[in-house]
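Following are the structures in question.
The same chain A turns up in both complexes below, where it pairs with chain B and then with chain C.
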Partner chain A sequence: MSFLHIDDVHKHFGETHVLKGIDIEIDKGDFLVLVGPSGCGKSTLLNMIAGLDTISEGELRLDGRRINELHPSRRDIAMVFQSYALYPSMSVAGNIGFGLEMRKVPKAERRAAIQRVAELLQIENLLSRKPGQLSGGQRQRVAMGRALVRDPQLFLFDEPLSNLDAKLRVDMRTEIKQLHQRLGTTIVYVTHDQIEAMTLATRIAVMRGGELQQLGTPQAVYDDPNNLFVAGFMGSPSMNLVPARIADRDGKLVALVEAGETTLALPIVRDREALEGWCNRQVMLGLRPEAITDPTSANRDGGEIFEADLEVELVEPTGADLYVVTRLGGISVNARMRPGSPPQPGEDTRFAFDVSRMVAFDPESEARIRTAVDADAPVQAASA
Partner chain B sequence: MSDTAAPPGKGARERLQRWLPKLVLSPSCVLILFFVYGFIAWTSYISFSNSGMLPEYTWAGLRQWSRLWGSWTWGIALHNIWVFGLLYIVSCTLLGLLLAILLDQRIRAEGALRTVYLYPMALSFIVTGTAWQWFLNPGLGLEKTVQALGWESFSFNWLIDSNMAIYTVVIAAVWQATGFIMAMFLAGLRGIDGEMIKAAQIDGAPAWKIYLRIIIPQLRPVFLSAVVVLAHLAIKSFDLIVAMTGGGPGNATAVPATFMYSYAFSRNEMGIAAASAVFMLAVIAALIIPYLYSELREPRS
Partner chain C sequence: MSAATPAARRFTPARMLLYAILLFFAVLYLLPLYVMLTTSFKTLAEIQQGNMLALPREWTAAPWREAWGSACIGLECSGVKGYFFNSIQIVVPAVLISGLLGAFNGYVLTKWRFRGHKIVFGLILFSCFIPFQIILLPMARVLGILHLANSTSGLVLVHIVYGIGFTTLFFRNFYASFPDELVRAAQLDGAGFFRIFFRILLPASVPIIVVTVIWQFTNVWNDFLFGVSFASGDSAPITVALNNLVNSSTGVKAYNVNMAAAMVAAVPTLIVYILAGKYFLRGLMSGSVKG
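This part shows the complex of A and B:
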């Protein structure tokens, strides 16, 4: 029995169909991140879970009971908003305690609960201040305190970090993750930032245009994307997507990729059975930047490595890594190499392709070409 | 200054550029100095003189002031302005807030309704006063119409009842200003973060508590502006009363402004009128100056 079950949920705003049948199940203690570009319906879905938006079709079940018609205050949820939505006329303690006060919790008990949460979030010294006197990060903590104090079954976060500056955002991200690990709470979290999604989630739901593109663990979504959209959306720098042709070379299935004057024949390792049907047809190959590297950095234990000399177009050092850009199939391709002795632009250097991590997509439908039962592909996050 | 070193043409142009804004502004500065502050000073001086029908410049000390405060009519005028001002400010604020809250419920035809409520503000006080005088006149308006419809015993003669006449002025004034106050509150309500209301819903607050505890406290600056605007309108109220009751019946609706007018121009007591005018100025200044100071001060971070 799943803890939160979003069962074929639709949303219509007049003529427009905003959510087109979303199915998501998560377990107690899961950290579900809804991620997607703006307008994909993720915030609408969150508002529907909160009860701030009505559900046009489908059912929402929390811990086995249908909550479609329940008022937000009776769903046993708490929400942290993007703008923090603190009540400016009340002190921090008043803000945190407001929900308890509305639920007629006795004053002494309320004060103890506020104190407990303030200690947890290290905001005890701010309790008597007004929100207007707090910094962005402190407001964020108070907003979280307001959610935590009621000890609800489900926490909802609506892009809570997007108003913070970059450094603080990373710190708060870590803190949210620690909080989740410590308290074991169930969280639904909306963001458009795929790095936030990767770092925080135990389950990621990638959405686009009101449809669920993929639901799975962060690693599954990253390594085994369902379609071109998920492949391109998750990961930074994003996955290299290169046009190629599948061919049979002496009984070995290869992907032919144009590289300047020559053609590379990358051996097909993954999804071989499915790709056999694509012989002599165009596909879109997906390779993460870290799957293209220099021969010494290549991971020879797990994967099959294919090496080739290619012309360097551009070199981008980031300190930790060195991104080397070359041209494959008419497209600039990012390779992640060891920093140190960078190759010069215009020269040839040796690239090592980890072809066991290569994925292929149908360029027409944008769907992944994959063998149904793949050992390393847990497709949908099944709740066992 | 390097005026001597610069070529003569360039120096002249620079000088002109420096002086041009001052030149352009100075006529209006002079006019304001003379006609506003000059006459304030002149009126203040007159209030300490022996002026009667015509201004006269012999110093009389506080004679006019003590006559003003000894005047029975001035007492009535002060009492009336208290009653009028208090009822006017409180009713306009509460009604304006209520209308704004109702209009803020995403109702249909909100734009049209907003305009309807705002229209009275576009009328001059003279028009409002005349229209309400007709409407409340027992022989012409509401009373006669209702009686003609068959309710023979209906009576609404506050306009000519010296105990009640001041309330008819309040009704007309509230009718005129409520829409404007509503617009101020509506703007304030629109500025409130919608997520805050969602948060309060999740916190389990019923709608009236959301308004009472979260929204209305945030409208404090609007309340302040509304009270200041209404208070100075109330103290300055003159044309509405002249058009509606002429200060009557008797002195029943006399306020300081009508008192000042009648003492200056029909009772030939310019000294007392000047004293009352200076007193009104002082009260309005006491209201407006702290308000302007708090509004124009550098905004806090």
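This part shows the complex of A and C:
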């Protein structure tokens, strides 16, 4: 039985249907990240789990127990807020201990608990300070301390890193991950940052417009997206989405992609059975930038490599990688190549396509075209 | 801006002119206070022959003693001290209760929003713009029904009711800039409606409390119209007593006593300003910029 079960949950605000039946199950110790663009309903869902928003329809179960009607303070849940929401007139120790004080925990016990959490988060020297005297990162830690001290069944994080500067955000991200590994807590985490989602999660739930687009392990969501939205939203730089036509060439199924004067015939490897039905029809091909490389970098053990000479439109070195832009199907396509000897814009260079990683989408419904056997895999993907 | 500019700018002619004008108006503004103070320390004889702006030749505290303890107001000759304490008895509860109610209103209107909260706030705000004169007759009737006519408690009630509009406005705007997440965090921590207010919001409200106290204190202390309408005789506040003192002197006008009594009436508000003034501006800013 799952630990947290969000069972067909709906939310209406007056006429607007904000959440349209969300189904998510996670196990104890899971790190679930709700990710999506703003307005997708992820924060609303989090607030509903916390009990700060009412549930219009459906059921929330925590450890087998229905919690729809339970007051927030009785759900055994702690939350870290985006603005940290530290009580401005209380010291750090007062902030961390407030929840225990409200639960009438004796003073000595309280002090020990505060001390333990302060040590864990390395904020012992800040205990007597007021929130106004702390830096952003320190406030973040105190906010986490306030959640940790109560030792709840479930932690909720509402975009906790969005108020930090870029460097600190990466550091704190690592710390949250370490904390999760060390304490084995169950976490539901909301963010609009897909990199945060990828790095932290054991389960990602991609949401859009109040609907769940895909639920799965980070790798499954990344490699095996359910639809065009998930494909475009996850990953940075994002997946190349190129219009193509499926065709039968001498008994081999290929995707025809226009490349300047010529046409590439990329062999179909994945979802071949499903794509047979799409012969002579338009599809949208999805290829990650790292699946298009130079011939020497290409991964030849895993799959089938297709090579072609194409004109270079732009070169973007990032230091670790070299992004080479070319044009396929009238669209700029990003390829990730080995840095060192960059090709010149305007010249032709050899590209290697890892076609075994190529996915296809229905351009009308935006849904993934895949063989039925795979269809269930990403949704209930076992832990990778 | 370079470091040299402030120093250079200090001596430009435009600056000098500006300072001169400011100084002129400051002096003009303080002149009545100066005349009041000096006159209150002069003997009556000196006032009648002397220059109004001159310092006393012979300093005397007798006018202050008389104003405080033995000047005649109406038929009674025991000075303004009784009325001074009347005013204290009116101001303290009126300020505390209207402030607390305003704080509660502000808390509910921002953190526990209900259907129609905007209309309720609009109506409360509207009460700030009702002229005093309009409510005199209905209020007199209400006080009569409540058996509070001609009493300090009646006057306290009037000031509380009249003050709620302003105190609510102050606290609502202040709390509007408080993140709602604070209340949510406290709810998750297990604090209830009153606990959140008294433990989290109120201790963080010092600037706006100061603004409210100064505002309410000065308004209630300086009020004359409500005092003269609803609390005559022994329960009158000091503003009314001052008026009666000035009007009831027979024969020669004892300007020095009148001035001393006026100073007595003005001192409490001055003290409040001096003690809390620097919070006043700060608090007004924080309330007005956000929300």
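The rule is simple: the second predicted complex is superposed on the first by the 374 of 384 C-alpha atoms of A that agree within 3 Å, B and C clash if a C-alpha of one lies under 4 Å from a C-alpha of the other, contacts with A are read in each partner's own complex, and residues count from 1 in each chain.
Rule of thumb we're sticking to: a contact is a pair of C-beta atoms (placed from the backbone, for glycine too) under 8 Å apart; a residue touches a chain by one contact, two chains touch by 3 or more.
Remember, it's a predicted structure, so these values are computed and weren't measured experimentally.
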item	value
Chain C versus chain B on the shared chain A, clash or fit after superposition	clash
Chain B versus chain C as contact partner of A:Pro88, first or second or both or neither	both
Partner chain in contact with A:Phe98 - chain B first, chain C second, else both or neither	both
Touching partner for A:Arg300 - first (chain B), second (chain C), both, neither	neither
Common ground on chain A, meaning residues reached by chain C in one complex and by chain B in the other	47, 50-52, 72-73, 77-79, 81-83, 85, 87-90, 98-99, 102-103, 146
In the complex with chain A, residue positions of chain B that touch it	193, 195-196, 198-205, 209, 213-214, 217-218, 220
List of chain A residues in touch with chain B within their complex	47, 50-52, 71-74, 77-79, 81-83, 85-90, 98-99, 102-103, 146, 158
Contact footprint of chain C on chain A as seen in their complex	47, 50-52, 72-73, 77-79, 81-83, 85, 87-90, 98-99, 102-103, 146
Contact set on chain C toward chain A in their complex	179, 181-182, 184-191, 195, 199-200, 203-204
